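When the chains are written out, they are named A, B, C, D and E in that same order, and each has its own residue count from 1.
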Amino acid sequence: MSLLNVQALRKTFGANVILDNFDLAVDSHECVTLIGASGSGKSTLLRCINLLEIVDDGQIFLDGEDITDPSVDADTVRARVGIVFQAFNLFPHMSVLNNITLAPRRVHGVGKDQAEHEAMEMLDRVGLRSKASARPDSLSGGQQQRVAIARALVNKPILMLFDEVTSALDPELVGEVLAMMKDLKSDGMTMVIATHEMGFAQQVSDRVVFLEGGCVAESGPPEQVLVDPVDPRTQQFLKRIIDAGRL
Amino acid sequence: MSLLNVQALRKTFGANVILDNFDLAVDSHECVTLIGASGSGKSTLLRCINLLEIVDDGQIFLDGEDITDPSVDADTVRARVGIVFQAFNLFPHMSVLNNITLAPRRVHGVGKDQAEHEAMEMLDRVGLRSKASARPDSLSGGQQQRVAIARALVNKPILMLFDEVTSALDPELVGEVLAMMKDLKSDGMTMVIATHEMGFAQQVSDRVVFLEGGCVAESGPPEQVLVDPVDPRTQQFLKRIIDAGRL
Amino acid sequence: MSPDSHAWSPSKVALSRAAYRRSRARRSLVIAAVITVVVATVTVWGVLNSTGWPRFQKAFLNLSYGKKVFPDILNGLWLNIRLMLLCGVCIVILAMLVALMRNLRGPAFFPLRALATIYTDVFRGVPLILVLLLLGFGVPSLRIDWLPRDPLFWGCASLILVYGAYVSEVFRAGIESVHPSQRAAARSLGLSHGKMMRYVVVPQAVRRVMPPLLNDMVALQKDTGLLYVLGAVAYDAILRAKIATAQTFNYTPYVVAGILFILITIPLTRLTDFIARRQGWVSGGIV
Amino acid sequence: MSPDSHAWSPSKVALSRAAYRRSRARRSLVIAAVITVVVATVTVWGVLNSTGWPRFQKAFLNLSYGKKVFPDILNGLWLNIRLMLLCGVCIVILAMLVALMRNLRGPAFFPLRALATIYTDVFRGVPLILVLLLLGFGVPSLRIDWLPRDPLFWGCASLILVYGAYVSEVFRAGIESVHPSQRAAARSLGLSHGKMMRYVVVPQAVRRVMPPLLNDMVALQKDTGLLYVLGAVAYDAILRAKIATAQTFNYTPYVVAGILFILITIPLTRLTDFIARRQGWVSGGIV
Amino acid sequence: ACSSDSSSASAPSSASSASADASASASDAPSASGSAAAPGAVGAGCNPTDLTTMAPKSLLLATSEPAFEPWMVDNDPTTGKGFESAVAYAVAEKLGYTKEQIFWMRVSFEAGTTPGPKPFDFDINQYSISAQRAEAVDFSSSYYDITQAVITVKGSSLEKASDLASLKGAKLGAMLGTTSLDAISASIDPTNKPAVFDDNTAGAAALQNGQIDGLVVDLPTAFYMTGAQLTDGIVIGQLPPTSTDTEQLGLILQKDSPLTKCVTAAVDALRADGTLASLADQWLAGSGAPVLK
């Protein structure tokens, strides 16, 4: 059974239809990459899965449960789904360490010492142990995004959503994050990743989904979608990317 | 003579020495790319050149004039130097069009009609004519960054600074921006670009400068620095990037 | 994005979700209505049956007396409004100047910053009544010929100085809440400090502090009557209520004044809310 | 980054720049000092030589009388402070609850939002004096036995209700100024609406509205004296000054009270500034 | 700057009403009209031609807003009704002014007490004369000797009180700016600090609500309040004088005003010819309350 099952999803902003009759199934331990033009609705889809938007129609099943059912407890769902955003959403009034320990302590009830211990380990993984007590505003862009990733991972979610997490990272650290995500995958993590990094998509994902016109235009293994796409729109999109020197 | 000449620059934040005895000369019509690890001071250097930070020591000459001289009119300098930031710095209370026409109208005294005409042309170039009257917050990340670029370019500066302008752009649009910047170059624009996009650096720049430990570790044409670096630190940096699949 | 012409009819599940949400909203409305009715009934019953109710009603809610004093108090309210507008404009200008002075950077501007800080400290610290007395009675008592003596002038000056100090702190909070990257972006375009403030920082700052700003304007409107202390005899709504009450020992005129004040405050509140919202964040979803 | 041990000695050009900047700062200081001295001298000279000065001095700056009333007024100030703390705590709690109620989303919370909105509109709109009279005289006149009659109780209740409405608007402004992405980030971690508010939104909101919040607390401290209107035995600094002045027609007690108020406001201001700054933006350079 | 709009009671309108009402009041106040003497009757230079008033040949009088009975009737000083209104007209007429030359303005308590230039010729508003106050303003001689009294309502714990000792433990109140407050501490020295009110309206409300046990006011006001304002009001009795001097009410003039001498002379003349006594009899009800021991 799919861990995540999006069925006939529709999401509009006013008269603007962003997602329309959108279907997507993600199996346990699968890593799916969403690609598509800017404004094609990748971020919106991830926000819908994390219940940050109310969908207009359609259903989203997480582990068999219809999470679009309004009687479902959204907080329990969100605590099981981690998300890392495109823009940096660190809490500016807290130290890096407190940013990371907030959810373990306040949602999962982990003790202060253990939460900080786990947070420090996570900071080690993103190479920022020395910045534990720094304020987010004093970090460089790349540093901030790495903290945001650590904050999501420390929550031990069953499904991780990544919204262009590497776009602000300097290339030398992309490798580290990639390795971290590969680790996560081998630990059995299910992941949905919106990205513009085609190389990243190719290396980490089991499946690439191309969004266009509010629904899935093409879906398949990266070797096929990125190298030998069937849909003419995918072909055109990839051509522009290759022209830009990104693949 | 160099259009931009940075000599023995030193910049600290408290006890934190970011740039130390830093030298860089950029000729007219030259396009220089700054690369280096996160936190190596690329953004700080660009902010110093744009007089957004007071330098501790050393001098910066723009077109032969020492712009670090405190008696220089900083606004005149800034009006001649365009900068596009890493984080989106659009003015949220203004429409996209007003964001772009602000400087022409208020700094250069261009009339409303002409400023708007030029702004619309610039929006055409970044593919956002239809968003002219939109509020920045309602744009996707990529769209916002394209507006920020248009806003800087409409100012017709003699030197352009780009701080990771493509990091939030979706790959299919990187090509467009690249083309735009190549246009700019053939128009005679001098550019300093901080980027993590090595492909981009390779294609657009005349020279690549690798920052490390507060000064220039290696500098040369992209073919040399990116393909056959001399400095061991550059070699290590590039190795990690190649591992990350970004080159 | 799919074409708008694409016809969409909600699915069964969407309809049932919408129905569920509507029923939840209805339920909470019903619960609220029931609680309101019960609380209101008990309160009203308790009040109406209290020993003192007839006397209370006569003293505070005398309808015919209220009708009688209404035109007089409305007349007074017009004075409150005019004084508020007049002083309000001066206050906003003064306060903005002070807030901008406090926001200047660099050692060269230390004296201006210090001046602005001292002004705020002093005039926010002292009771309005002292400023009124010192300016309204003290200054004329110096008998310096070329200074005006009109108590209304000095009364307005006192209100402007005191409220200016409060409002300048409000503006300062707004200005400091604008992210520094906005300043960097503006300056990098070549805008001078002044133009940056005018076009980028202040518009965002003012919008953010609309509610506390309105707070001060509402408070000002009610304080304009204090000019009475100077013998300026500003017959504002509150003084008129006081006079009427002193004659009849009936507090209904105060209630009339209160209702009138609420009636002019509400549209002001809605208007500033509307302005603030129109220029505010685009809603970030449902959370 | 280079090692910190690396010795750096400023170059000639850096030294000359620093010298230039220092000289500019010094020049502006000197200019400011000269202007201040000139203006101060002219003003003081003008005042001291005005016909009315001796009488002004006697009436407003009577040193020996000031000394005499000082202990009494200081005593009264202590009451202002205690009342401010007592009411201040209640006001902040009430205002925060109201602001949080107004911030609830979704149709199910419509009744709570409406309740909070009505409360704010009414109690911000009406003059404090009316609330004082209605609660302090009106409610006891109902003679409902189990309700307290103590004018101090009803006076504090009035202050809390009225200031609560003002402060709730201040908090609301702060809450709405937090970017929605912060809310999204908090909720996405599984924090409930309440926890999001408590740990993420409110701390940022409060910090941003520190200055207007302090405004209201400073104003409150001066308004606590109004309780005497109800005949509450609240001999605060202003009332004591008023009584002393009424006895002698000498206004020095007001000046003494004013100075004392300034003296307690200034450290409060600096403290909140310090808190706000410590938690505020990391300075974005020099612009 | 702030435009002048209602900065002072508009003289023209009060003038018209003053003339209309004054002609009516002439018959109501025979003593006032009877005492009308020839211009300058109180001494050399004390006539409308020689006196330097706010406006030539007219007298601008001030009182509070609102003015309370029995001192002024219906908050209207221009009628000559009420003790202070009648006294003011009598003083003015003694100085040789006709009713048409008399104008009224309203000022706050504070405006009467500050050292600055005063916008009126004299202020009549139950100001008690004291040496300290006289450093800031000029007083005329006394137009009324006043005593303080304690009032209460039926049902209060003071209903049956008859001596100072029984007041000691009571919750008392008085109006701000009056000598009633001093009288409480001087004569009664109560265990509870007295409540202070802005005006006697508030004091009456508190008394009626049982929030205070007794209110200290001047005797004329005491009779007025118990008679007209309070339900079941009772005058308990007068307080003994606080010092050897009796408390006296005087008109307030600007410090070192050139008018003071003449106004005092006029008041003295009115006292001497019995006008003040007869006005007091007419407007201030019974003085027959027991003096509390």
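Throughout what follows, a contact is a pair of C-beta atoms (placed from the backbone, for glycine too) under 8 Å apart; a residue touches a chain by one contact, two chains touch by 3 or more.
Predicted model only: the values in this text are computed from it and were never measured.
The fewest steps needed to get from chain B to chain C, moving only between touching chains, is 1. Any chain that touches chain A and also touches chain D is listed here: B, C.
Of all chains, the one whose mean C-alpha position sits at the greatest distance from that of chain B is E.
For the interfaces A-C and D-E, the C-beta contact count is higher for D-E. Chain C and chain E have centres, each the mean of its CA atoms, that are 39 Å apart. With centres defined as mean CA coordinates, chain E is found 81 Å away from chain B. A separation of 29 Å divides the Cα centre of chain A from that of chain B. One finds 44 Å separating the Cα centroids of chain B and chain D. Along chain D, residues 21, 24, 52, 55-56, 59-60, 133, 137, 140-141, 181, 184, 186-187, 251, 281-282, 284-287 each make contact with two or more other chains. For chain E, residues that reach two or more other chains under the stated contact definition are 114-116, 205.
Touching of two or more other chains is recorded for residues 39, 47, 52, 87 of chain A.
Interface note: chains touch in the pairs A-B, A-C, A-D, B-C, B-D, C-D, C-E, D-E.
The residues of chain C lying in touch with chain A in their complex are 1-2, 4, 6, 8, 10-11, 13-14, 17, 20-21, 24, 284-287.
Within the complex formed with chain C, the residues of chain A that make contact are 8, 10, 15-18, 20, 39, 41, 47, 52-54, 56-59, 68-71, 213-215. Interface of chain C with chain D (complex): residues 21-22, 24-25, 27-29, 31-33, 36, 46-47, 50-53, 55-56, 59-60, 105-112, 120-122, 124-130, 133-134, 137-138, 141-144, 166, 169-170, 172-173, 176-177, 179-181, 183-184, 186-187, 193, 196, 208-212, 214-216, 218-219, 222, 238, 251, 254-255, 257-258, 261-266, 269, 276, 280-287.
Interface residues of chain A, counted against chain D in their complex, comprise 47, 50, 52, 74-76, 78-83, 85, 87, 89-93, 102-103, 106-108, 135, 137-138, 151-152, 155. For chain C in complex with chain E, the residues that touch the partner chain are 59, 79, 82-83, 86-87, 133, 137-141, 143, 148-153, 155-157, 228-235, 239, 242-243, 245-247, 249, 251.
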